[in-house]
Structures are given as structure tokens and as C-alpha cells.
Amino acid sequence: MAVRASKELHDGDVVFVGIGLPNLACNLARATHAPDLVLIYESGAVGAVPDRLPVSIGDPALVTDSLGVASMADIFQFYLQGGRIQVGFLGGAQVDRYGNINSTVIGPYDKPKVRLPGSGGACEIAIHAERVIVVAPLSARSFPAAVDFVTSPGHAGKYGTRKQLGLPGGGPQRIVTDVGVLEPSPDDGELELVGIYPSATVDEVRSKVGWPLRVRSDLEKYPPPTAEELRLLREVLDPTHLYI
Amino acid sequence: MAVRASKELHDGDVVFVGIGLPNLACNLARATHAPDLVLIYESGAVGAVPDRLPVSIGDPALVTDSLGVASMADIFQFYLQGGRIQVGFLGGAQVDRYGNINSTVIGPYDKPKVRLPGSGGACEIAIHAERVIVVAPLSARSFPAAVDFVTSPGHAGKYGTRKQLGLPGGGPQRIVTDVGVLEPSPDDGELELVGIYPSATVDEVRSKVGWPLRVRSDLEKYPPPTAEELRLLREVLDPTHLYI
Amino acid sequence: MKPAGSKVVTSKVVTMKDAVARLVRDGDVVVIEGFTHLICFAAAHEIIRQRRKDLTICRLTPDLVYDQLIAAGCARKLVFSWAGNPGVGSLHALRRAIEKGVPVPLEIEEYSHFGMVARFSAGAAKLPFWPLSDYRGSDLPAVNPLIRTVRCPYTDVELATVPALNPDVTIIHAQRADAEGNAQIWGLYGVQKEAAFAAKRVIMVVEEIVESAVVRADPNRTLIPGFIVDAVVCEPWGAHPSYAQGYYDRDNDFYVAWDEVSRDEARLRSWLDEFVHDVADRAAYMDKMPGLRERLKAKPRFCEGVNYGF
Amino acid sequence: MKPAGSKVVTSKVVTMKDAVARLVRDGDVVVIEGFTHLICFAAAHEIIRQRRKDLTICRLTPDLVYDQLIAAGCARKLVFSWAGNPGVGSLHALRRAIEKGVPVPLEIEEYSHFGMVARFSAGAAKLPFWPLSDYRGSDLPAVNPLIRTVRCPYTDVELATVPALNPDVTIIHAQRADAEGNAQIWGLYGVQKEAAFAAKRVIMVVEEIVESAVVRADPNRTLIPGFIVDAVVCEPWGAHPSYAQGYYDRDNDFYVAWDEVSRDEARLRSWLDEFVHDVADRAAYMDKMPGLRERLKAKPRFCEGVNYGF
């Protein structure tokens, strides 16, 4: 997933980074094809070049040698709402047919089966980032037809489509999973399978999704990670195997 | 005027300072009875201790050795609108019966007889500072019954009283002139004479005001400036006689 | 003219005990801010020791600091935007309080980060609300009636709003301040400035109290002016297990270990006894953690100064 | 992991001539900000030299910099909040343009300082308006229909609003930046950050271009990130007669002398010929002012650095 996600980044992108796999993916991209990524953390670190794998998005290593530090008011108002962020990374306990993401509760809000951490900056990242990359392992539980709670809006839902709602950002453009990649249909925003890893089959992917999954006619077959990518991830970027 | 204005300041006051006489008055107060005045300039200098008489409110000497620098957004939002300023100093080309101040135009706005600089921060200082001290030489032209244009609201006017308008600050509490001091009546906010300099007479003051001036029964007679005050002003605070 | 650089007339320096005794009251709306960086655990521990009750505690990320306050029964309501142990998992005391009312029931009021930042900004600016382009398409407004809308008088577009948050007391941890509370922070700022200006009372806790001359030598580093500060507390290592850039690193091991401690109610109670109730102050807490200073003390990475001359 | 500290891949460094030619267009809404401090006269002079027309120029304090642009006939509209020569008197070219339409008629749109700050804040935050507690009891809204009101959805109180200001181009002067435009400012900030984030295009003019490593050594000094900057111009003394803290003092004599220069239209035209049209760039301008460097060069008043280690 980290290798695949890293390929979604273009050199020079201004990226709002979360912790864990997105952070790994960004640093892999920076070490390979996108040396000029600008990494921004909601904690306020701008142009971070962490010399250790940060455990939290507020790690001191994100500040040392960064290009700048912004207050969180500036990060959310001027950077994110201001339309300056090209890519936002999101995870989530549930992702649905239209890319709506739930990181708030499983079950009803007032009597949750599982209480999740909540939005953090996810709601506004989903609204404002030019494109959102979602990184989440695929499973029927995590990819229901409709999420229990919309923390971060996708392409359509009970409040309308992004266009009807006037959302400025592009929403979840790529959903990178452990078996393949989904993308919203240009027609109705429903997630479709657009690419698959060599180890997976279309039937397997379909069985892990809570709606009848459409498959793009030009389905891509991704090559396995190169030895160099695996080496970078395992030996350089996450030597203590915190995330992989 | 500078001596009189300096006496309006209490030790520990957080003061929004303008340039010229207010600046002199603040520094005189700091050198005499109010060493702990906190001087704040709309330019962003906080706790300034200028080691030369600043010509502009953005002088570099206001930054060197100051306690802090704030953006103008913070100055206006968090300091002034936030209700953190005890005293604001204002001047103006015209001050009227109710303490409304004009620093915008003499004559009609669209065809002015004299175009003045405009509000700057004056409008919001008049609205938010706990108390406003106005420093202006008295003359019939400068103290009409009603100003041509209300840049900074006083105690009452065509839009209502401060109370009706819900203005948070106390408005012009003391108008320090070259012949005496005016104060708003607690009843209707009309400016009344409350103190007079030894060199002036009540008739003289009345002749320089565009409305029938009420005089407080307990009219104060101010002593002349002390030799020490004059020495401080002339030799230490404004040795090149920029303002006096 | 008289330079007043180094003069200190009114010192606000007190002990943490005195600051909390005087400025934090039962039923208060309390904010201990700091985003990952500079979270004042020392103040939270003193609040626990003084057995404050019925607090409404507000923070973007409750983090371990509020998990502890909640476990100790100090809080009756939590206002927040992301409740987890970063990179580790759940906040178990918080979940027990919400799900089972243990040790006392906990009401919650939930926003996103931007919503919380905006609430503090409105509070600091003394505006009753703050407009933001947010929440459209999300279920958050459906479960929080305080998220409302306003119509733009120019474009007729509808924008989300959140109400001002004006804490009774905000507690800020900073690297250094003078005795009047003029505080300098570097590294991550979080929402410290907004939370301080929004508050009725401010407690400034610092790693070091310095001469005013140190503050005045570099005024652009000052984040919070002393005249809005009510008490200054010198509490070295007061942010542990959070961190202070240039002073000590984040204790990531502690955050990981907390998961096990807090998962079990009895074990968490005995942790509170040992590390909070049974220690007098932060110095005594640090004495119970031999080797911690050596493990976490910051390495030197000094920047150059700049010229303030003219 | 790979530290990328000193790498510079995309340099945006160009001459002032090229920056203005490429990024400032006839009819643009142009902002040259800087409150007393760091006002980029060098950029204004290049705009005059390139004979831009029909500009809408916005600034809190038009100052000499816009008096010159107006005298040169570049502007058709001025948006402002305080129009004077600070501590000296009137801006005569501005008054001639308003009162007599000389050299071209000038439309004005007037706010208070807070209103202008709020307009830039809204622009930077991509909000269509900004609410402020202001203007009640003042005649300003009566003469500016863009000052409107909005009703608070919590308190029902009516607040003033101003519309967002999003310049086509904002020109910022800073003490230093790297080649990508990551800019550091100390001393007075003014509304530079807000004006830059509000703009579609940003020209960053600096006293010095430094290695990225210098910026990265003290990231808390960075006010404007390079990724919003379109061009970086190195122009020492580019703010004269304004100043750059730590580099050179304000030329107060120049401000006083301007009163006489600008009072007379013919004299002002010949000043523009001599110091703007007939010089190629800022270096040539400085050559015409012998002794200026010695008179105004800043004295050293360096602060200490701080520790960014962990």
C-alpha cells in the first residue's frame, strides 16, 4: 500500500500528511520520484524533512530543519481552506460506495458499538484538498455500501453530491488498498476498481466490498514493488518496522 | 497638553499609542508616575521602550527591546476587539458636543473642502478601548456642535447612544486640550469643562467651543507643569523639539 | 529616554499548587492546550491532586492529559475534535467514562480540528461566532446543534459557524517567559495563542523563567504577552510525557505503555496514586523516573540570532 | 531517511524587471504591503518604469509608495484606510488625483485599518467575508456600501462585515528568503502574511537570498512559505525610504523632504524622471544617493539563537 500510495504523488505537490502509512508513502516518494514534495502536517510543520519516522504528527523531528512552522489557525484557514493543498491523505474505519469516510463511530452516534477517535482534520481535508488519497486495507466490514457516520464527505450522500454542496476540493480521487486501487466513476462518483496488485484477483476484491463493484474495462495490473522500493521501506524509512 | 495627558494614565495600563503628543505623554508617564505602562502600537509593537522619539508608529526603535511583536490581524482582533486595551489615544480634526471625532473629511464626503487621512485604527479604538483620551488643541473650528463626518463614534449621535449601539468600550472619557479638559456628562454624554489650566479662563474656553459649554461645579484648576516635567519633555523626551 | 528593558516590578511567579488553588475552580471550563508539543501534564496532575470537580475540559486532542483528568473524576464534560492515543490506539479512561459512566459520567461535545481552532479564534477575538467553509456533507452538524450556518452578505453562500469558546482558565506551557509572563515558544505553536487570548484567566507554565532582557532581545519569538497572564509557574519537565522543543523529547515509550496502564481501571487508579496523589509536585514526579532526563534530554541544535538593530 | 535540507531544485530567482513584466498586468488589483516596515519601493518604481495602467492599488497606508504610483498615472482606483505622510502631512499626488483628476482620475474605496486587515484575512482564508465588531456609530458604512452586516446565529447580535480582498498580485519585501521564496521576516509583520496568502500571484523581494539551510535552521521565523511564491527578487535596499529591521533604518528625512517634492506637480514629475524612469534598477537608484548607505545602515543588535534539538 505504501508503495502504491507513493506513486499517487507528483513531484512538487503540497501534501497534507497523516501519520503511519501516508507518512511512509510520502517519504518513499520523496526518496524516489518526487524529491520536491512539500510535506505539511496539521500540527503546523511546513516542508518537514523528518530524520526519524515520526510516531505522531506533532513529533519534534518534523520541526527541526523544516521550512517553516505555522499556527494551526493558519494551517486550517490559509493553507487548507485557502485552497493551497494539492493532496490530502485520509484513513478511516469505514469507506463507502461514494467515498464517504467514517472515523467517528461504528453503530449509532449516541450508543456506539465502537467509539473511534473522531474527525481531527479529516472533515476539512475531505472538503478542501484538491485531491484526497485514501489508504485503507480492503474488507467487507470496512467497505460497506453506506458508512454508519459521515465524518468526511465523499462524492455523494444524503446531503447531495459534491457539486450540489459546492465543495471546493476534488474529494477522494484514489482509494489505495492492500489488494488494489479504487477510483470514483466520473459519472456518479461510485467507487470502481481501476487497478489490482499481482497477488490479488477481481473476485477477491469484489468479495471485500459491500456493494456490486464495477470494474474498469482498462483495469491496470500493477507490478510488484521493486527490490529498491522494498529496501528503502524496510531498511531506510521504517527500519524498526513501526508501520510495515 | 502632554503633561496633562500623561496624568490620565495609570500605572500598569495597557495603552494603544498614537504618534506625536500621545507618544510623548506616554513616555512622560513612564518616566514619572507610571513606569509599568504597557505601550502597544497598532503597527504591532507590544511593550515598546523606544530609545528615540519615533516619527512614525512603525519606527524600528519601537521593535528593538520591545516585549513582543504581533501581526496587525492579532493587534486588531485579539488585542483591541478582544477587549485587552485599557486606554486608546485619539486626535482628530474635529471633535463634537458628544465626543464624536472626525479624521476623514471637512465638508461633504464626495466633495470635501479638506480631505483628511481617514480612520486608520481610530474607528475601532473609539469602539473598543476601555477609555479613550482625546488630545487636541481647542478652537471653534475644531470643536463644532456636530462633526462633518463621524469617523470614530463618541457618546451619542444620529445612530444612537453607545448603549443603544452596544459599543463595548467606554468612548472618549477625557478630552485634553491646550486650555483645559472636557469630560462627557454622565447623564447625556455631552462634553463639559471639568478642569482648566492656570493660563486660561472659562470664557476663553467657552469661546472656542461650538455649543453652549456646561462647566462642572467642582471645576478643577490644574497646577502648571513642574520644572521637572518640563525638563523631561524638553531635554530628555523631545530634545529636538519635534512635537513641542 | 529611559530604557526599561530589564525592570520587573510585578512578579507573577507562584508555585503550581498556588496557581491551581487560586485560578482553577470546581465547575470551570478549563483548557490545557498544546498540540502534541508543550502539553502541561504538571498542571493536570495538580488539578487532580487538588481534586477539582465538574470541570468542562476542552482540547483538540484530549490525549493522555485528559484521559488522566477523566480517570481521576475531575471532568463532567469533554469538548474535543480527535480523541485517541496518537499512533497507539484508544484513550481507555475516556471510553470508560463515556460508555459506562466510570468513575463519573462524561458528556461530550464534538467538532473537527478546524471547528475547535475556530472556536478558540472567535473566543480570542471576542466575536460570538467564527465562519468557516466546512461540514457540508458531513454528519457532524447533525449530532452537534452548535454547528450552525450563516449567509454571506456578498455572495449569498451559506457558511458553517461555530460558537466562541471562552474558557474560565487556559493553561499554557512555554519554553520560557519573564516573571510577568511574556512567553516565548518555538517549535509547534498549536492553538496556544488563541486559547490564551480566549480565556478569562491564564496560567503560564514554563521550562525557564528568564530576565525580561532575554525576551526583549528577540521580541518576534513572543507568542503571548504578559499582560494577559495571571500566574507564571516555573516547572521544568512539566510537559512530560509530551515534549518541549530544545529541552526534551517526547516520551513515545510512555505513550505506548499508557495503553496497558489505562486499559485496566484498577491499575490506572494505582498509577494515579503513585505518580500523582503521592507526589508533592513535578520535581518529586521526576525523582520517581530515574534515567528519564538522560534518555530524553534534547541534543543541541542551536540556530543563529538575527539583527534587531536599525 | 534522507535529509533534504539544502537542496534547491526550482529556483524562482529573477530580476525585478522580469518579475514585474511577467506578473503585474494592466488593470490588475495590486498590493504592495508592509506597515511602515519593508515597503517595497523598488517594485513600485519598476511598475512605473514599465508604465502599467489602470491598476487598482490597495494598502492600509498608501504612503509615499502609492503617492508615486498615482503621480505616475499607473492607478485608477485606491483602496485604503489611512492616507497621509506619517508625521509629515498630506500625500499631495494622491490629493491632486482625487480632487483634480491629475494626471488621471482616481476612484477611492475607504475602510478603517481593521477593515483592511479583515479584508486580507478573508481573502487569505478564502472566505467571502470577514465579520468584525466595528463601524457601529461611524459614518464609514454610509459612504462605503461594501461594509455590510451579518447576524450571529447564536446571539442574534448584528456584526459588521467586509468582503474578501484577493489581489491579482501581492508584492512582499522580506529580510531574507531561499531561492524558492521561503521568506523570513522579523520586526513588524504588518499584514504581509495575509496579503500574500490572499493573492493569486506573489512576488517576494528580499534583502538577501540565503541557502535553504539558513531558513531551515530557524523555521519559526518563516512567515511566508515558498510554495505560494511565484518569483523571488534579490533587491538590497529595495525598501528605501522605508526600512528593513537589521539592515537599514527608515529614511525619515526623505519622508519630510517628499512633502515639498510632491506638492508641486512639475517637480514631482522631474523627480520621477530622475530617480525612476532614468535609472535602470534599484542599484542605479542607490548610486544616485551617495552617503545614504553610511547614514542608514543598521547597527548590530543581534539576539541569541534557540535550540531546535530534541
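For clarity, chains are labelled A, B, C and D in written order, and residue numbers in each chain start from 1.
Methods note: a contact is a pair of C-beta atoms (placed from the backbone, for glycine too) under 8 Å apart; a residue touches a chain by one contact, two chains touch by 3 or more.
Note that this is a predicted model, so its numbers are computed, not measured.
Shared contact partners of subunit B and subunit C, listed by label, are D.
Interface comparison, B-D versus A-D: the higher count of C-beta contacts falls to B-D.
With centres taken as mean Cα positions, subunit D sits 36 Å from subunit C.
The distance from the centre of subunit B to the centre of subunit D, with each centre set as the mean of the Cα atoms, comes to 29 Å. Computed centre separation for the pair subunit A/subunit D is 39 angstrom, with centres defined by C-alpha atoms. Centres computed as Cα averages put subunit A at a distance of 56 Å from subunit B. For subunit C, residues touching at least two other chains, in rising order: 126-127, 132-133, 157, 186-187, 193-194, 217, 220, 243, 245, 249-250, 301, 308-310.
Within subunit B, residues 45, 60, 63-64, 69-70, 77, 81, 168 each touch two or more of the remaining chains. Of all possible chain pairs, the ones that touch are A-C, A-D, B-C, B-D, C-D. Note for the complex: subunit D touches subunit A at residues 1-5, 7, 9-10, 124-127, 182, 193-194, 197, 212, 215-217, 219-220, 222-223, 225-228, 308-310.
Note for the complex: subunit A touches subunit D at residues 12, 14, 27, 30-31, 35-36, 38, 45-47, 49-53, 60-61, 63-70, 74, 77-78, 81-84, 168, 236-237.
Remark: subunit C residues 35-37, 60-61, 80-84, 86-87, 90, 95, 98-99, 110-114, 117-118, 120-121, 132-140, 143, 157, 186-191, 193-194, 243, 245, 249-250, 252, 255, 301 touch subunit A in the complex.
Across the complex, subunit D meets subunit C through its residues 126-129, 131-133, 146, 148-155, 157, 159, 161, 163, 175, 186-187, 214, 217-218, 220-221, 243, 245-250, 298-310. Put simply, subunit B touches subunit D in their complex at residues 19-20, 42-45, 55-60, 62-64, 69-73, 76-77, 80-81, 100, 104, 109, 115, 117-124, 126-128, 149-154, 157, 159-160, 162, 165-168.
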